[in-house]
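Note that the chains take the letters A, B, C, D, E and F in the order they are written out, and that residue 1 is the start of every chain.
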Amino acid sequence: MALSNERLIGKMAMLGVLDESYLPEIEKLGWKFCVGKAGSMDSQKVVAAIETAAKSENVIQSRIYRETHSLYHAIMEAFHGVTRGQVQLGTVLRTVGLRFIVVRGNPYEKKEEGDWIAVALYGTIGAPVKGLEHEAVGLGINHI
Amino acid sequence: MALSNERLIGKMAMLGVLDESYLPEIEKLGWKFCVGKAGSMDSQKVVAAIETAAKSENVIQSRIYRETHSLYHAIMEAFHGVTRGQVQLGTVLRTVGLRFIVVRGNPYEKKEEGDWIAVALYGTIGAPVKGLEHEAVGLGINHI
Amino acid sequence: MALSNERLIGKMAMLGVLDESYLPEIEKLGWKFCVGKAGSMDSQKVVAAIETAAKSENVIQSRIYRETHSLYHAIMEAFHGVTRGQVQLGTVLRTVGLRFIVVRGNPYEKKEEGDWIAVALYGTIGAPVKGLEHEAVGLGINHI
Amino acid sequence: MALSNERLIGKMAMLGVLDESYLPEIEKLGWKFCVGKAGSMDSQKVVAAIETAAKSENVIQSRIYRETHSLYHAIMEAFHGVTRGQVQLGTVLRTVGLRFIVVRGNPYEKKEEGDWIAVALYGTIGAPVKGLEHEAVGLGINHI
Amino acid sequence: MALSNERLIGKMAMLGVLDESYLPEIEKLGWKFCVGKAGSMDSQKVVAAIETAAKSENVIQSRIYRETHSLYHAIMEAFHGVTRGQVQLGTVLRTVGLRFIVVRGNPYEKKEEGDWIAVALYGTIGAPVKGLEHEAVGLGINHI
Amino acid sequence: MALSNERLIGKMAMLGVLDESYLPEIEKLGWKFCVGKAGSMDSQKVVAAIETAAKSENVIQSRIYRETHSLYHAIMEAFHGVTRGQVQLGTVLRTVGLRFIVVRGNPYEKKEEGDWIAVALYGTIGAPVKGLEHEAVGLGINHI
């Protein structure tokens, strides 16, 4: 049941969102993925931007709820890393500027493990004033 | 007050913990850092392992409480990314196997911003059974 | 001090909100209760709907703050079951469609335990798109 | 994508755990399920009891991690309803006595939605002294 | 329904725990109260110390569960102020040294509001090493 | 590294916000501080009011981000004490009327500990209806 060292989906997603020159490594595996940017004080807009990208670029199938459900929880888990305590932005007077990646593939040695999804976020979080910010990262992983 | 693009401490810490071949890039900046591993169901042991490494390798000064305080909160923030909801391991029947890095330096353009600390975590989280796990990531950043 | 098996207020509230044919069982005990529906992305509207119903149907006395206070905390506790992590709806891009019941009575064998209040919630939670949702449940219990 | 009114897996799981005379209704649908009891101040023992039951009664396949992963998150979500704030028992000086049910089936109209899992909990929570307790409920739902 | 300016139970509890020369002011109102100390890495021991004091000094009646229930939730709320994020001590490698006070009385102008309980905590929180700590405060208020 | 008994910054901040006749004691130490009021259902407005006061009265330097960062986290920690579970106001249908104080100084015996910041909050929290409220307190402490 072990994770395959060549297909560590979380590591690859994280590397891909930190440094886009890494993206061809993900492509080589034949995995689906999409990247994008989202900046807002409204946390729901960040969620919406990621969901929209993943659906429009066919990383998940929008007509099947279980895929949206899987992605939603992966996004929420990634958000915990970015927000570190309460999953809130504007209501606690902070904003984010994030790059995101959604990767879909099987990171396990066994084929029966099927597809998993990784959502990685990287960017800045801080006061709604340019420069009053530091970096933040998040990773959510779910079976799909 | 902006972050300097060449000294993104969070990105560098994250890259360093994901791929140790990246560590010389951090050294080049003249920044202090330490790396290590911690695996446990006891969350306090992970905290202790990181604190001990950062002190014994002089990334922080152990005789000044404000440095320990800064590191502690950075560790806690990184733990939020790994645990995604409740900062608990064994009490919710899960365990982690993590690599960690603690990096200290000034990521801002202005010298007055002084030192900051970044704690990055990467590894697996899951049931206390080999293979029943997926990857997890955390990043905590604090002024020191 | 034990709970009385015939007057398990939480179980009765939950059964009543899941299946309204059960409501006469609650009536038989002579307990006050009210039922209603609330659907919204605004969590405060759900709280308001429950409070308004409980006051207008005299399950609690609106002129005594301690009764509002007791109900409020019972609603919040029930919301934890529905939201499972952060007590947020629209800010994390989700919406609920809930039935609710508020029941008031003494579930203990001893008369001195006085009145308690149970708030039970049942319905769906999910994306603000019909069908992209699953069920959710919550129960809050407080002394009043 | 809508939920089927005759196959509301959360409602059925909840009714089944509240009143075992309801279990034949779940059987009629041909769904897999298991029931059990768990009482402890150690939250991890409750998690373990549910996981063990679900595996030994073949509600989930223990040799596939994605099934354990799905169940684990459903258990955690159900625990939020029971604990209402922090997913802790003994560390905040309280104990639970719970009945649980794990149900597996497709609650949606479309076959493509595949199997989902519902974990429902019902029982008491309170001080580690008989009688100093009130009822609690939790429901977690996940795609599997 | 307003709070009475002369009987602000939270303020009086807080002042009493910060400075014991203030305690006679609470006595003058004829209110019941008890004070004590609790230091531990085990959060449950702090809860137990407060509950035991309140019962043995008759601030609450131990034979009525609703009073224990009210006190328990007030303690938990006060703990949130001390722990600021996760209600955990030893599991996140920190310890507390706290003074506590439990005050019981009616802070409202209307007699019908009955008794309320205030739990105030003051002390230090930090690493399990003398001196590596800062101050912390908590206040929980509940109807009883 | 111990806290100095004559310079307990948290205790002094708390006493100062509870009773303004105490403020001259803080002045005597030569510490910077500011006081103010903030009442709102919008949690971000409370954060903004405190930040604005601390900057305009020069308790912190607005042109250095590390000072804003330190204050922000101290405010968030103080908010945990006031909100006791989820750092939310209007979204859970409640409002606050708070007095605040921000104090800056070194509470430790050793000069090397440098400046620390304490944010203390005291006031009422409750339904958006006059009188339907009880008191609340929060204290956040950070190195600056």
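Here is the rule we use: contacts are C-beta pairs under 8 Å (C-beta built on N, C-alpha and C of every residue); 3 or more make two chains touch, one makes a residue touch a chain.
Remember, predicted model here, so these are calculated numbers, not experimental data.
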Inset, instruction - If every step must land on a chain the current one touches, say how few steps get you from chain C to chain F. - result: 1
Legend entry - Farthest chain (mean CA position) relative to chain B: C
Legend entry - From chain D, the most remote chain by mean C-alpha position: F
Legend entry - Cα-centroid distance, chain B relative to chain D, in whole angstrom: 35
Inset, instruction - Between chain B and chain F, tell me the centre distance in angstrom, where each centre is the average of that chain's C-alpha atoms. - result: 28
Legend entry - Chain centre separation (chain A, chain B; CA means) in Å: 20
Legend entry - Sites on chain C at which at least two other chains make contact: 1, 65, 69, 76, 85-86, 88, 91, 116, 131-134
Legend entry - Pairwise chain contacts under the document criterion: A-B, A-C, A-D, A-F, B-D, B-E, B-F, C-D, C-E, C-F, D-E, E-F
Inset, instruction - Please name which positions on chain F make contact with chain E in the complex. - result: 1-3, 8-11, 14-15, 18-19, 76-77, 80-85, 107, 116, 118, 120, 122, 124, 130-141
Legend entry - chain E-touching residues of chain C, taken from the complex the two chains share: 1, 63-66, 69-70, 73, 108, 110, 112-114, 116, 142-143
Inset, instruction - Sort out for me which residues of chain E touch chain B in the complex. - result: 85-86, 88, 90-94, 126-127, 131-134
Inset, instruction - Over in the complex, which chain A residues touch chain C? Could you list them? - result: 42-44, 47-48, 51, 65, 68-69, 72, 76, 79, 86-88, 91
